[in-house]
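Chain IDs A, B, C and D follow the sequence of writing; residue 1 opens each chain.
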Amino acid sequence: MPHELKELNEECGLFGVWGNPHAAAITHLGLHTLQHRGQEGAGIVGLTPAGLRRHYGLGLLSEVFTKPEDIAELAGPAALGHVRYATAGGRLLENIQPLLFRFSTEAMALAHNGNLTNARSLRRDLENDGAIFHTTSDTEVLMHLLRRSPAATFTGQLIDALNQVHGGFAFELLTEHGLYAAVDPNGFRPLVLGTLPDGGTVICSETAALDAVGADFVRDIQPGELVSVTANGVTTQQYTTNTTLSVCSMEFIYFARPDSQIHGVNVHQARLAMGRRLAQEQPADADIVVGVPNSSLSAALGYARESGISYDLGLVKSQYVARTFIQPTQALREAAVKRKLSAVRAVVEGKSVALVDDSIVRGTTSKQLVRLLKNAGAKAVHLRIASPPLRFPCFYGIDIQSTRELMAANHSISEMRDILGADSLGFLSTEALEESVNLDPTAPHRGLCVAYFTGEYPTPLYDYSAELQKELALLHIKVSEVSA
Amino acid sequence: MPHELKELNEECGLFGVWGNPHAAAITHLGLHTLQHRGQEGAGIVGLTPAGLRRHYGLGLLSEVFTKPEDIAELAGPAALGHVRYATAGGRLLENIQPLLFRFSTEAMALAHNGNLTNARSLRRDLENDGAIFHTTSDTEVLMHLLRRSPAATFTGQLIDALNQVHGGFAFELLTEHGLYAAVDPNGFRPLVLGTLPDGGTVICSETAALDAVGADFVRDIQPGELVSVTANGVTTQQYTTNTTLSVCSMEFIYFARPDSQIHGVNVHQARLAMGRRLAQEQPADADIVVGVPNSSLSAALGYARESGISYDLGLVKSQYVARTFIQPTQALREAAVKRKLSAVRAVVEGKSVALVDDSIVRGTTSKQLVRLLKNAGAKAVHLRIASPPLRFPCFYGIDIQSTRELMAANHSISEMRDILGADSLGFLSTEALEESVNLDPTAPHRGLCVAYFTGEYPTPLYDYSAELQKELALLHIKVSEVSA
Amino acid sequence: MPHELKELNEECGLFGVWGNPHAAAITHLGLHTLQHRGQEGAGIVGLTPAGLRRHYGLGLLSEVFTKPEDIAELAGPAALGHVRYATAGGRLLENIQPLLFRFSTEAMALAHNGNLTNARSLRRDLENDGAIFHTTSDTEVLMHLLRRSPAATFTGQLIDALNQVHGGFAFELLTEHGLYAAVDPNGFRPLVLGTLPDGGTVICSETAALDAVGADFVRDIQPGELVSVTANGVTTQQYTTNTTLSVCSMEFIYFARPDSQIHGVNVHQARLAMGRRLAQEQPADADIVVGVPNSSLSAALGYARESGISYDLGLVKSQYVARTFIQPTQALREAAVKRKLSAVRAVVEGKSVALVDDSIVRGTTSKQLVRLLKNAGAKAVHLRIASPPLRFPCFYGIDIQSTRELMAANHSISEMRDILGADSLGFLSTEALEESVNLDPTAPHRGLCVAYFTGEYPTPLYDYSAELQKELALLHIKVSEVSA
Amino acid sequence: MPHELKELNEECGLFGVWGNPHAAAITHLGLHTLQHRGQEGAGIVGLTPAGLRRHYGLGLLSEVFTKPEDIAELAGPAALGHVRYATAGGRLLENIQPLLFRFSTEAMALAHNGNLTNARSLRRDLENDGAIFHTTSDTEVLMHLLRRSPAATFTGQLIDALNQVHGGFAFELLTEHGLYAAVDPNGFRPLVLGTLPDGGTVICSETAALDAVGADFVRDIQPGELVSVTANGVTTQQYTTNTTLSVCSMEFIYFARPDSQIHGVNVHQARLAMGRRLAQEQPADADIVVGVPNSSLSAALGYARESGISYDLGLVKSQYVARTFIQPTQALREAAVKRKLSAVRAVVEGKSVALVDDSIVRGTTSKQLVRLLKNAGAKAVHLRIASPPLRFPCFYGIDIQSTRELMAANHSISEMRDILGADSLGFLSTEALEESVNLDPTAPHRGLCVAYFTGEYPTPLYDYSAELQKELALLHIKVSEVSA
């Protein structure tokens, strides 16, 4: 589960229900379990007797849904919900999803997790042909393609549209007649299918959200698959058969909840395995192993078990969201950071600590944590990262916008160690990561996308192709040095 | 650190600063670290150029202080802050502390953590003599006593007042001339003294709050002590020498942060020791040890270390505050509970689990947790409680209002095991608790108050005496059976 | 100026500025003066260094713009503002104007006052051709037509679009390159042009808003005219020459501010004239003349002057908006109405009162006013209405949705008198109304639209044609009786 | 009814109900009609089955009571409400009334309109005797005196307390046993008694509020009278017989609603009479008479009737509360003022205008109005004020805090005329004011307090005595010049 200190952000969480009289209440419950996937906006569209109705807003679910009526007004047999991470330039209410389209003859709600690599060029073409967009998000492109498709049936139009968009995506679309869900041909973004004991189908981003509402897990939606849930039941078809499994590895490393399963692999256990492999590859001469709460505790436990070093709780995480105002002095600015994480002096004082974290993005947090432990008396801090160095941007739905912001893209490991103030620094290898998760031994990278570590993108990059080349050119020497 | 599922509540957290130009900002930072001690109201009084000014409200700190001006308007060389737990009948804005008294000639702010055992009779007497109270809280009594004292000096009046109130208390009082702090003769409620590197004195409820603002710990305020911080520095005196150390044991078991020290003992390490002793006294035939996040993780780790059973992360706690609306079905009501805690099926499935929790109050949460683990496939759940059975009310500042609500006061351990659905149930003994903390080997109960477990109250109960007798009479047979 | 009791609603007020560094602040000021034209939503789009930015929301201006930053963030050389009346089914945030369109290459803001009579069929056609609408309002149609126009220039596209829409409209459109304004071929809805002393052009709904910001009145925008304001100055052209002046007579009777001028006629003086003619056509044997505050005071004064009967202030209007909760008893429900208007007993007691009101829609308010005066002791109440009976719906921008709701469409005047409880009832004739305003002696109805009184609509009704026929058929007998 | 431009402020409005099941809803309705007496805070205490409960807050009634539950939670057979004007330094939530006192054995609510002249010294004495005050308002003094009274009965204690406070006051006090109301020995502040047709007694500030809730007027509460309303009915007694009627003349001139009666005199008709006398004393060579809406319309009408000059509506007042942000230019700052009042050019252009206003305080508004009319083309503006020049502070409940702020205390009439830019300026004489109202021909000043005009205070000034002397000394020469 991501903590607030991390500079990475997932783009979204989805939760749809069809065929249960409490659809909106179930969706609201389910979205709470997906809150970690997006904290800057939330919305639910309910299929009510008066048609599709929407309640949405900026902020956390608890800020957007503040009274029982907010859910009650959405009551009916189906609902679609969304939690969103909004990029800096895009904190616009218009972008909050599900998008609700009101046509003269019907209405549709559309929710999306991911990033389309050819959205900009599609949009330009559509606008040149008279289309009017109302949001700045990718998502709307799909609806324009669908509405302009010459296909004879609704699913025909949807398949037509899905074959024109590229990148990483999980879509859910709710009409008065059905709930439709589709995943990109690489399965970058997860989506799972479940059934409710008292009737109805759920399609959502993580299995933990199925558990949360008491739904039974049925199966993962497959790459290139379109699932249709209507009065006639659940039907499936491949909108394309040109597929390769490349699940985003950051789901396992950092984003997904430890109690979720992705394509059959439990996230907590994948992290335990990463921790074990990390201990093998990057041993440390330490007295105790301390994980960064909460997302790195699993890897830390794996590290401790494999290394035989004692696992201890040397960092405490506040469970309260703290408003951060600008502080008047440097000392107070540093203190403000500690409201989120603090060290247990009685645990770390005089100890050599193996500090296990899941990843390093800009390095700011890691630097603060090392200092925090040393100020609390740690004799040494050996920083161990349960994933490989992040060097390349993601174009499939994670907010790593530029290599210039990635510490590992700009510095060698020894430089990083010095900047972070650690006594030693070690990363997990890409191979060990792939083997720890081991989604599909026969697929490239065992079914994972590891592009942020290796620069090998599993698909063409379309609109982003040129800008990636430019960035890489700027970093040329350092990148090659690191990969050596 | 208490989690939201617990039915117990601390009454308050205090944070006062004297002699630093950023007193209000420091107090705001410090209170964040004490937020677990009170979530229903918060306030800060600042000593500004325009005199004492207050900002306060119902809710969390982040709800009460929403913009930089809320702090800026309190800027000056001293401040006093408070976070409050308000009992059911008392969610009144008037009761939010610090109380601010505006006299014709001066102003004073008063903040309190604890419960006075003779407040009702004192109030009745004062009202009969014409006094007007504006809150329903105990705290105001002290100010009336102070203002009516015939003593010649301010500290004389304060000592006079302190000697008339009984029970558990930590007071802080801010005037334009000084910051005053006092602890009850038993030291039931903690209060510590620290200094800021850039000048100034801090007096607050826990050492973790000193760490949070970069202050250095100086010492614990002692039972019966009155500390005065003025332009002349820090002075101390005993307002009474009739003292016995009886620190509230629930501070170690559940309330205080793991990174705090109380009278020299680190809370995390005390919990580790309780877990170890629990493993000795109440061994379990289990495959894994799972702690209830977050307050029981330390004890669980101690249990695992001592027993040699593998420690694992079988429960996941949501880090988001979830609004709970009334759910339409029983299934959804149960699901709503799971938004806070959920089980990791991949960890517990097919396993015999030793589930370590810190305490049992009403038993509702424990029952849900046992069911959660069993639903996730646990073969057996051996519930181990790192404290003795709670059977008696507290009158010194913890919200255990009635023995009728305490599961252990009404049921034998085997009855409890059956009701909770656990395969076995074991509690820590009072002796082991006392030895695990071991505050002062020479003091009764080694310096702890264990009255909620034994019924032996370290002081007379004054206004509560009769009602306790009545309650005990009602429970007579069951109580004696349990104590046998 | 309309008061809250009236069941009629104007659709909107517009205010645009081009070429003044304080454009957003001026627009905010100007909209305050147009607040009576729409109280359910407000928005301003500013042309800022970062492009077009929008601040908008549901409610009054003072509820939508709550802090200086709300205006400051829109600062730049141009702005477009809108106040909106939202019909019952349409209180959607998406419908609040100006609509902001963000294209890949540019952005545009569009604001509209009026109603298009062929919007439904245009929308249906556009959707069939793949267009996606995001609001339920008419306004968006114009933008789709514009974007799909094959014309070579922007104004060419705009002229193309304007020639396809029918009905009553005043549009303002803001781009980064200019401010464009157009009025329908009948000039149903007003729009005026002004200049600011310190530079810049203003185009807004009423001259009172020019006065409010210190702008000088230049001229009324003419029927069929398109005005373009760009870096090259103000240019004008007729997008159609097929025009006839038919200004909505309700602007003079009720909507517009008394201090506004429409096509050269001052609203207050037009009302004075209506009052004088009413006194001639419908004399009353009364002791005093009382107007309904505030919109009927002018007509009442005219009535008093012509009749020689003493003008007095017999009704007091509260200046505070009162929240109306459901009241527990019938007496309190009636009392709740009186919070808005109350009678001055000392004025009306024992008097025969000529009560002058501007119009009767459903009759509910009139009935309450008659009872209010009688309860306060009035000997007789002679109700005099300074406009003809409202019998037909409006399709050009006023919310008279159905003849079934119009009292005068369903009852003879003597029936109305009895229902309202008045001692006599008299209306102004259509001819007298036309002569009182006398916009253009050579135009049909002297330049006014009087369709709501006569059923003679000055244009084809397109999408509304069939529904009007159906309504009239239902009311056939009564309508003919009344017109006889 | 006061408008927002006026710099004078009434201190409060009171509304109490005893013996009606809808007491809280009635009080809420009634307070709306008293909103003009205080706009900065509001509160209602209801006698509920759970005892006295309060809902209160800063702002207008519509801001404080925002949902039906706010009233519903106060439901029961009695209620007491208050609207408050808070002085600059006193916008504290603690000061919002009714004050609610929760004693161990009972609760009481206290509401007050007026100002006590010996509150400061009483408070100092009480504090020296140990009393603790929780507000900075006068009101609390009465409760301390009551609680400390040695009298045997509750009404005995209340009479004891009432005889110790001096100044202008109307008190209402609600207990679980009765509603008590008292007026100062001069009747400075009004209070009236009424009965509800469906049972129950109302005591409130103005008769218009009786009308608003459908209550029948019974009588004015007399100077020195204490009314007790209990289960035994309404009883009355004089707490002092040392009384003289001196009703605040500003109630007639400006504060009270035109539809209220005070001691038998209708406010609108008193203003008509003032206008007539003003026309006799200060004739003007004018074409039209224009009143400043809304409070001066009655006087303007009287002026027009007496002078024979035509009454017209030359100023329009906005009915919307406008938020005033700081404007970027001088032109916009002036424009911002016009959002409240604007001139009708078509009425005033080329005319000589007799502008009738009720009073001049600082003169800022008058100056703006003169300019507004001249900018709209008025040939001349003859300013006529329907009250004498305000030269002295009020200590009985109106916020005229200092003579330094009063234009007429610092300037001769000819100086004022020049500063205001008027062509002539004339005030009503004190004698004509007294005769226009004519409350009691046998009482000094015919039953009015005219101290702000003459400096003759009808009572000793106690705590304010010295400060008045100091102020007058500062202004010595000018004051004598003006009175000459």
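Operating definition for what follows: a residue touches a chain if its C-beta (ideal position, glycine included) is under 8 Å from a C-beta of that chain, and two chains touch if they have at least 3 such contacts.
Chain by chain, the UniProt names read as follows: A, B, C, D = Amidophosphoribosyltransferase.
Bear in mind that the values here come from a model prediction, so they are computed numbers and not experimental data.
Chains that touch both subunit A and subunit B: there are none. Using mean Cα coordinates as chain centres, the one most removed from subunit D is A.
With centres set at the average Cα position, the gap from subunit A to subunit D is 62 Å.
In terms of their C-alpha centroids, the spacing between subunit B and subunit D amounts to 50 Å. The set of subunit D residues that touch two or more partner chains is empty. All chain pairs in contact, by the document's touch criterion: A-B, A-C, B-D, C-D.
Here subunit B touches subunit A in the complex through residues 1, 3, 22, 25-26, 28-29, 32-33, 35-36, 60-62, 65-68, 71, 197-198, 208, 211-214, 257-259, 261, 266, 268-269, 294, 297-298, 301, 305, 310-313, 316-323, 325-329, 331-332, 334-336, 338-339, 342-347, going by the rule given at the top.
The touching residues of subunit B, when paired with subunit D in their complex, are 93, 101-105, 120, 123-124, 127, 130-136, 140, 143-144, 147-148.
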